[in-house]
Each structure stands twice: as C-alpha cells, then as structure tokens.
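Both of the next two complexes hold subunit A, though its partner changes from subunit B to subunit C.
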Partner chain A sequence: MKATSRSDLLAWLDALSEQYTVIAPRMVDGELLYRPVHASDEVVLDFERTRLSAKSYLLPETEVILEIERQEGQVTLGEPRLDRDQVILLRPCDARALRALDALLLDRPPADAYYADRREKTSLIGLACPQLWDDCFCTSLGSAPDDASAVDVMVYKDGDAHLVEVITGKGRALMDGLEAEEVERPTPHSDRSGEQIAVLAPEDWPGLFDEAYWHQLAERCLSCHACTYVCPTCRCFDVRDDTTAAGASYTHIQRLRAWDSCMASAYRRIAGGHNPRPDKAQRLRNRYYCKFCYSPSDFGAVACVGCGRCIEVCPVGVDIAEMLANVAALAKGRSA
Partner chain B sequence: MSERDNPLRPLLGTLVDTKDLADDIKLFQIELNGDRFEYQPGQFAFVSAFGVGEAPFGLASVSSRTPALEFAINRIGTVTSALHGLERGAVVGVRGPLGNAFPLDEMQGKNVVVLGGGIGGAPLRPVIHTILDNRPDYGHLDILWAARSPSLLVFTDEYDDWRSAPDTELHLTVDKGDSDWTGNVGLITGLLEKAAPSPEDAVAIICGPPIMIKFTVLTLQKLGFTAEQMIMTLEAKMKCGIGKCGRCNLGEKFVCLDGPVFSYAQVSHFLESFV
Partner chain C sequence: MSREIQEGIRVQARELLGLGEISCVIGYEQGPKGRVRPAFVYDQAGTDRLVWDQTCHHNLVVYLHDRRKGGKTSAASRVAVVARPCDVRALNVLIHEGQVSREEVFVIGVACPGMAEGATLQAHCQRCRERVPVFYDALVGEPARVKLPADDWSDVAELEGMTPAERLAFWSREFDRCIRCYACRQACPGCYCFECLAEQVDPAWVSIAHGLSQKAFFHVMRAYHLAGRCVECQACDQACPMHIPLSLLNRKIAKEVEALFNYKAGGDPEIPPPLATFLKDEELPL
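Right, the complex of A and B next:
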C-alpha cells in the first residue's frame, strides 16, 4: 500500500499523460463525464457517479471499423487501431462492467478484434467509492463500493490524502511517476450499508417469462433507449457504411459500428417486415432477461453492476432495482 | 491483421455474373479474389455493397457444382438495392461462412420433404443439389415449392432437372395465379395436405417466412411428423453473424451461433417465439 497526497496523486496523472491518454471524471458543460484530460487540475476526484459509463473508450458510441478505398474498380481495406495506450480512472462498478463486455466480446470466440485492441491498450485505475450512493445497488450483485477485482490499481480516499494499491502487473507498470510512501496499512473498507435487494437466481427467471408484470412495468416505458445508452454493460451494435462522414467520400468509405438499442421497435424486425418482438413489454423483458438470465447462463455472471444510471436517467421512473425486488416477490408468491 | 484475426473484415470477391430468378430477385455469383472458403448447405454469409453496407444471405450453392458462391437476393432494402445495382465485375465483400448446417449426413437413407416459400427456398437449393448429386444415399425426395405469384417462383430453370431426377417429385403452388398459370393455387399447407408425405423414416426441412413455418409445422404434425423430424432455418437482420451484435437472439439462443438451422424440437423450447 502506498500513501500519497492529493497533489502528488495529480502530479502522477500528469506524468502518466506523457505516455498515455488519461481519461478521468471531468466536468463538461455542466455534466460530469469520463473524458480525456489535458491537465490534472481538470480531474474531479470527489464525486458520486459520472453521467455516462466508461464503456465508450472500449466500445465507442461510433467507431470506424474499416477504411474502404475504392479506386478504378479496385477495393482495399484498412483497419483502424487505437494509436495510444490509455489509462482510465473510473468507479469500480464501471471497471467491473467491462468484465461483462469481455465475456461476450473477447472470451467467447471469435474475439472482436477492435475491442481486443482497445482492451489490451487500456489500464484501469479504480476510484473506490466511500459508500453507496442514491440508486446504487452493487452490494446486491456480489460487489462492493471498493471492489478491486476488475481494476489494475485502486485509489482509496484517506482523509485529505489517498492510499494507492497495486492490483495487477499492468498496474505496477503505471507506478513509476508516483511520489508515495510505502505504508503498512490494511486495505481500507468502504461503508457497505444500504438496502439489499434480493436478486432472483438465473434459473428461476424462465418461469416468470409470461407474467403480466412485464406488461404492467412497460406501460409507462417510452422506448427512448436512454437506459441502454447509459448502461455500462449494454453492448449491442449496428454496422453501416458511410460516404458522407467527415473524412469519407465516394472513393473513401468508412464502415461504422455504432451503439444500438434493443428498445427500438425495428431492432428485431426481419427482412420482409415480420417482428417477433413487436411489443415494448417484450423488448423491456428481453433487456432484463439478457442481464439476469441469459448472460449468467452463457457467461456465469449477471450483466448488471448496480451502478444505478438507468434509474437516474429514465424519464418515467422505470427502476431496475424495483423490478428485481418485484420479480423476486413474484417468484416467492408462485412457490408459496 | 488479416480476416482470420478480424471476423468483421470481409474477404474481397468479384461479382462474376447475375441471373434473374424472379421479380426483383437475382442470383448473384461471386468468386473470391484469391481466397477460398469451405461451406455446407444451410450456412450463410454477409455480402457487402461497399458504400452502403452488408447484409446476411443464405448460401444458395454447393461447392461441388460451382467455384462461385451463389446468393439469391431480393431487392427489398438499401443493401439489397445497392447489390442489384452492381455491374458484372464489381468488387464485393464476403464474410463467412457462418452458422451451422443442415444435418445432411444424418438424413442419409431417409425420405426427405423440402418445403420452400418464396425467396426462402434459396437455402434449400444446396440441399436439393446435394441429394440429386448423391441420389442413392437418400430416399424419396418431395420438393414442395411455393410463392405468392408465378412471377415470384425461384429457380424455375431447374425444375425440369428436379422433376426428372429418380424418385423425386416437385409440387408447385402459388397463392394467386395469373392467366398463364395452370398449376396449383393455394397455400403450401394445402399442397402439403395433398402430397401427404409419410412421416415414416422421413425428415422435413422448411425454409420461408415465419408465418409459413408456423402453419407448415401444424400441417406436418397432422401428418404425424414429430418435432425432431422437422428442421427449419430462422432469419434475423444480423449485424455481425458472430454472436456479438445482439440482434438475433430468441431467448437465450442466437440465430447466428446456435443456428440458423434448428429442429422444431429446439425451437419449441426457446423462451421466445420466432413468430
């Protein structure tokens, strides 16, 4: 464990930015977001949660996956790659969410080449939460505000100063520029108090698939997609070619990949117009089943980290924690 | 990095020829530029019209008959319209082969009923070709082929070959005839009731729109076919074909990874219905 002052911690970030793109919480037009920082005085270290997760640095909102050159009947393909390694300072839940992306995009073959490239070039510095915030429920999902399982380095608050713990070899490689004192201190523990939500086991979800509850829950859903965009584990994407984007033309085409949302009515429609999921209740149910039933059975872990962003952003108050509690109650009622 | 390391990078190919199959439906013959891939009946691939995008199509050819990859493509959206607009010699992208295949080895020795609806018949063509080219390995072959109108029937120039093959029957129907049509009029389910193939030692393969699959299954069940004896291909507007983009799930199953070929026994246990 290393003890360091806030000014030395910030100086370390400046040193890291010589070699890496440093991405950290920063105010942008009144919103706190993970953004590349130019100088460490922009970094916000005392905060609850950022408006958006860090997934866009591994799976960008929109990214070029192919540069297609079309000249005199010939076509050549180029593949962009991340040109600079990056360090992201983020909440432990946002780091943990990347494990859900890893499971699908890296670990289940074939690996996604673009995600693999970015993941390899990314180091994660966790900023432990001292406590649970409003709408957070990570402790109900087997995690904690100071969960260091998915980061390379963990930074804890220690009064006005900080404790820094190296978690992985990748983390050790970041340590050179940190002025700190080696101290014999136990790993600090965050305050874990807060309501515990009973989360139904994955194998108990299929029996509730046809419950009227999904229709009641979806009655107020606007299918606005906001929950899927702020979600750190949602990873569906669309692919299309663009000849009109900046830097593109008829002869220089960019194949783009962009975030998609399973909340869209056209999402599951097939050629010819048939749609097996025409109702918004079916779509909302699919989103929750993806996270709490299908992902655990495919990858051994739920695809939700309890960050609370979808609760915060939903304009009509659809609440994933409330849903989990209701579903558990429904299952209990059935077995009674 | 090569396409072997990047499953989203297409191979380059050349559109060597197209043939009109039906109204707005063309057969595209594509030869890969220097690359080759091995594929089986039932598998699919993405075809790119560079500048517009790519879309998944069932492979409509067998590699033993032609070096070209063949796809039957209906002009229905932006990518398919762009493909229809390409000239012979144009460079296209091909990503595949993807998905599983029809269990043609397990079908050996059995009677086979193939049921194709409209453009849905395209992935069945390699099944028909495989059986006709290995005729002694399979039992009786019934081909039930349907379209909304006579001008939408696909592979009409092959019907004489199919009819004249040993132990093979071709049954055609259209939803609505025209002045030249003297054949059967009505849905494929009616045609199936008339043909009434025996379920004994038989397997049925269905390709077509979801609604056709749904009612064809009901008719086959009346004839005594079990869920294991009914095989189908499902479709989705996939974006990746490798289990990442999320578009094609039905409950916990992915059409691209677990299919597109499924038995009705599998499909009927999905948490989500395909219709």
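Right, the complex of A and C next:
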C-alpha cells in the first residue's frame, strides 16, 4: 500500500498522460462524464457517480470496424485500431461491469477483435466509493463500494490524502510516476450499509416469465433507450455499411458498429417484418431477463452491477431495484 | 394547494372507478425513492396511491397512444387522465389530429399552480398564462390568483441575438451531449409516428452513428415536426438524461407560428392547428 497526497496523485495522472490517454471524471457542460483529460486539474476526484458509464471506451457508441476504399477498380480494406493505450479512472462498479462485456465479447472464442484490442490496451484505476450513494445497490450484487476485484490499481480516500494499492501486474506497470510513501496499512473499508435487495438466482427466473407483473411494471415505460445507454453492462449493437456518415461516400464505405437498444420497438424486427417483441412489456422484461437470467446462464456473469444509473435517469421512475424486490416476492409467493 | 388537488384527484378517481365509467385512472404516485412518477390505477383501493405536487411534471397524455394500439376503443376502455393546462393542450392537438377522440378520455383537469424548481417556478410555468385547462370533465384545485405577465419571449431573444456561427456553436455543444436515447421523443405526446424517421431502416435516412450530425439532424427535424403542435409542457427537457435545453428549439418555432398565424398550439378546442389545415382562398401570411 502506498500513501500519497492529492497533488502527487494528480501529478501522477499528468505523468501517465505522456504515455497513455487518461480518461477520468470531468465536468462537461454541467454533466460529470468520463472523458479524456488534457491536464489533471480537470479531473474530479470527489463525486458520487458519473452520468454515463465508462463502457464507451471499450465499446464505443460508434466505431468504424472496417473501411472499404474503392479506387480505379481496386478495393482496399482498412481496420482501424486504438492507436494509444488508455488508462481509465473509474468507479469500481464501472470496472466490474466490464466483466459482463468480457463474458460476451472476450471470454469465449471467437473473441470480438475490436473489443479485445481495446481491452488489452486499457488499464483501470479504481476510485473507491466511501459509501453507497442514492440509487446504488452494488452490495446486493456481491460487490462493494471498495471492490478492487476488477481494477488494476485501487485508490482509496484517506482523509485529505489517498492510499494507492496495486492489484495486478498491469497496475504495477503504471506506478513509475507516482510519488508515494510505502506504508504498512490494512486495506481501508468503505461503509457498506444500505438496503440489501434479494436478487433471484438465474434458475428462478424462467418460472416467472408469464407473470402479469411485467405488464404492470412496463405500463409507465416510455420505451426510450436511456436505461440501456447509461447502463455500464448493456452491450447490444447494430452493424451497418454506411455511406451517409461524415467521411463516407460510395467510393469510401464505412462498416459501422453503433450502440443499439433492446427497448426500441424495431430492435427485434426481422426480415419480412415480424417482430417477436412488439409490446413494451415484452421488451422491458427481456432487458431484465438478459441481465439476471440469460447472461449468467449463457455467459457466466450477471449483467448488472447495481450502479443505479438506470434508476437515476429513467424519465418515468422505472426502478430496477424495486423490480428485483418485487420479483423476489413473487417467487416467494409462488413457492409458498 | 397541492393537497387540495391531490384530494380532488382521489375523490374523482374513486367515484369514476366506482361507477365503472372508466377502466383506469392515469395519475401520479410516489416511487420507492420518493420521486413522483406516472401511475395507473384500476380499482378504488388503489386510488390512495394517487398523489399530486408541483413536481408532477410528466405529460400523461403521452400514454393515450399506448391505449389506442389495441384498436377500436369501447366504453370500458375509456380512461381518466390527470392533466395540467399544457397537458390538455397536448390532448387537444391529438384530438385535432385524429389520434384520440374526446369521448375516450375523461379529463381530470388540474388548476395548475405551476411546476416547482427549488423555491420558485420552472421558467415555462412562470410565463404560462393558463392556470385552468381549456377543457376538462372535472376540475380539481382552485385556480391560483397570480399575476400573469405577457410572454416576452426573452429566452428566444437571447438565441436570436446570437450570430449564426454563435448559434451553431451553442447547439453543437448542447447536441454533442445527446446520447440518441430518444427519451425526449418518447416523452412527447406530439411524437407518435409508428416509425421515426431517425430510426427508419428502409430507407435509412439517418446513419446509425452517434455523431453530432445525426444528433443535430434528429433534434432539428423533431422541432420542425412539432411546429404549431408543441404545447410547451417541457416533457422533453424533463426526460433528457443529459439536460439539453431541447424545448428552446420548439420555443423559437412557437414564436414564429404565433407571429404568422396568431395561434398557440392546442389553445382552442375549436381551432385546428394551422399546419394541419388548408382553406380554399386562404392567404398565406408568408
């Protein structure tokens, strides 16, 4: 464990930015967002949660995955890659969320080459939360505000100073520029108090599929994409060859991958026009089943970290924590 | 004031559901974290859930679209909706556009004291001159005795005072934050296309990229589609997770529409919207 002052911590980030793109919480027109920082004085270290997660640096909102250039009968293909390694300062839940992305995009062959490239070139510095914030429920999902299991380096607040703990070899490689004193200290613990929500095991979900509850729950849902886009684990995308994007034309075609949302009514529409999930209740149910039933059963990771963002941004108060509690009660009622 | 309105809503809801005249009351309830949210009450026992205060900013008229998808409505599917003056104007727009028929909806009109923002009223409520809806089936609350200043369009004047380059920079900065979540569109009663141009696949007018040009195109297009139809309820601003001042675009167009046609969207149950009307021999003010 290393002890360092706030100014030395920030100086370390400046040192890192010579070699890496440093992405950290920064105020952007009134919103706190993970954004590349040019100088460490832009970095916000005391905060609750950023409005958006850090997933866009691993799975960008829009990514050109193939460039097709046609000139004088010749076709050339280009595959853009991340040119610079990146370091992301982020909350432990946002780091842990990448496990859900890994489970789908990395762990089982064939790995998603674009994601794998970014993941390889990314180091994660965790900023431990001192406590759970409003709407958070990470402790209900087997994690904690100071969960260091998914980061390379963990930074804890210690009064006005910071404690820095190296977690992985990748993390050790970042430590050169840090002015810090080696101290013998136990790992600090955050306040874990907060409501514990019962989360049903994946195998308990299928039996509740036809409950009328899903229709009641979704009645207020507007079918917007806000929950899926602020979610650090939602990872659906669409791929299209594009000639309308800036820089693309009929001699220069871009194959784009862009975020898509299962809340959209056309998301599941297939050739011929059939839509297996025409109703918003079916779509909202699917979102939750994806997180708590399909993802853990098919890929081995629950796709929710309890960050609370979807609760915070939902324009009409759809609340995933309330849903989990209600579903647990439904299951209990059935088995009674 | 809010307490009276809340009590009035509950009394109306109990009575209507008791008489079996309606199948559902669309109002507001308190969510588990204390925030107010839309509520759907189907029986008298549930009416105690209904609340009202000056944070009830959702335009509930948007939910009437969901109810039409089942096809022709019967008496039993008639619903009651709690509606502020701006919400009723939105309903009026939908009635004129043939989306909802007046008989399908029982309007529990709210004599609206305005939506709170801290200790004061939200800007659009401060300039709202309408404390009682243009029509209703029952009115709850006492109309507030407030001085109603004329709309001076000062918010739009600020925008108009910018040079085109400044205006482009302003909106580019705002739209850059957009995440293409469409919460603005989904919260808007006036946006009810089955397939939005921004998401149409065949033909694909707009790229799937989350780029500034796609975002700007979407917002400007949406603002134009709401010309003479936007009722300034600001459901879009309230829904936007990135706090983009979307309604300012609509305000600029509303000002033009008022100047050209002396028309305020949904302001009169008898007068159809100018852009949905054509009169032989009419003189275009352009």
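In this section, the second predicted complex is superposed on the first by the 334 of 336 C-alpha atoms of A that agree within 3 Å, B and C clash if a C-alpha of one lies under 4 Å from a C-alpha of the other, contacts with A are read in each partner's own complex, and residues count from 1 in each chain.
In the analysis below, contacts are C-beta pairs under 8 Å (C-beta built on N, C-alpha and C of every residue); 3 or more make two chains touch, one makes a residue touch a chain.
Fair warning: this is a prediction, and the values are worked out from it, not measured in the lab.
Participant: Based on the superposed arrangement around subunit A, label subunit B with subunit C as either clash or fit.
Facilitator: Pair status: fit.
Participant: After superposition on the shared chain, which partner residues are touched by A:316: those of subunit B (first), subunit C (second), both, or neither?
Facilitator: second
Participant: With both complexes superposed on chain A, which partner does A:131 reach: first (subunit B), second (subunit C), both or neither?
Facilitator: A:131: touches no partner chain.
Participant: Once the structures are superposed on A, label A:62 by its partner contacts, choosing first (subunit B), second (subunit C), both or neither.
Facilitator: The answer is second: A:62 touches subunit C but not subunit B.
Participant: According to the stated criteria, A:7 is in contact with first (subunit B), second (subunit C), both, or neither; which is it?
Facilitator: neither
Participant: Using the superposition on chain A described above, determine whether A:225 touches subunit B (first), subunit C (second), both, or neither.
Facilitator: The second partner, subunit C, only.
Participant: Is A:238 contacted by the first partner subunit B, the second partner subunit C, both or neither?
Facilitator: In the superposed model, A:238 contacts both subunit B and subunit C.
Participant: Which partner chains sit in contact with A:110 here, subunit B, subunit C, both or neither? Use first/second/both/neither.
Facilitator: Only subunit B; A:110 stays clear of subunit C.
Participant: Who does A:264 touch here: subunit B (first), subunit C (second), both, or neither?
Facilitator: The second partner, subunit C, only.
Participant: Please give the least Cα distance, whole angstrom, that subunit B and subunit C reach in the superposed model.
Facilitator: Once the two complexes are overlaid, subunit B and subunit C approach no closer than 5 Å between C-alpha atoms.
Participant: Output the subunit A positions appearing in both contact lists, the one against subunit B and the one against subunit C.
Facilitator: Common to the two interfaces on subunit A: residues 238, 240, 260.
Participant: Once bound in the complex, which stretches of subunit B touch subunit A?
Facilitator: Against subunit A, the touching part of subunit B is residues 1, 5-10, 12, 48, 50-55, 74, 76-77, 89-91, 93, 209-211, 235-237, 239-240, 242-247, 249-252, 271-275.
Participant: Flag every residue of subunit A that touches subunit B in the complex, lowest number first.
Facilitator: Checking each residue of subunit A against subunit B gives 65-66, 68, 70, 73-75, 77, 79, 104-105, 108, 110, 112-114, 206, 209, 235-241, 243, 250, 253, 255, 257, 260, 262, 267-272, 274, 276-277, 282, 286, 289-290, 293-294, 297-298.
Participant: So in the complex, which bits of subunit C are touching subunit A?
Facilitator: Going by the criterion above, the answer is residues 31-33, 35-40, 58, 62-63, 66, 173-174, 177, 179-183, 185-187, 195, 199, 201, 204, 206-211, 213, 238-239, 241-243.
Participant: List the residues on subunit A that touch subunit C in their complex, please.
Facilitator: Contact set of subunit A toward subunit C: 28-31, 51-52, 61-62, 134-135, 216, 219-220, 222-226, 228-230, 238, 240, 242, 244-246, 256, 258-261, 264, 266, 280, 311, 313, 315-317, 319, 321-322.
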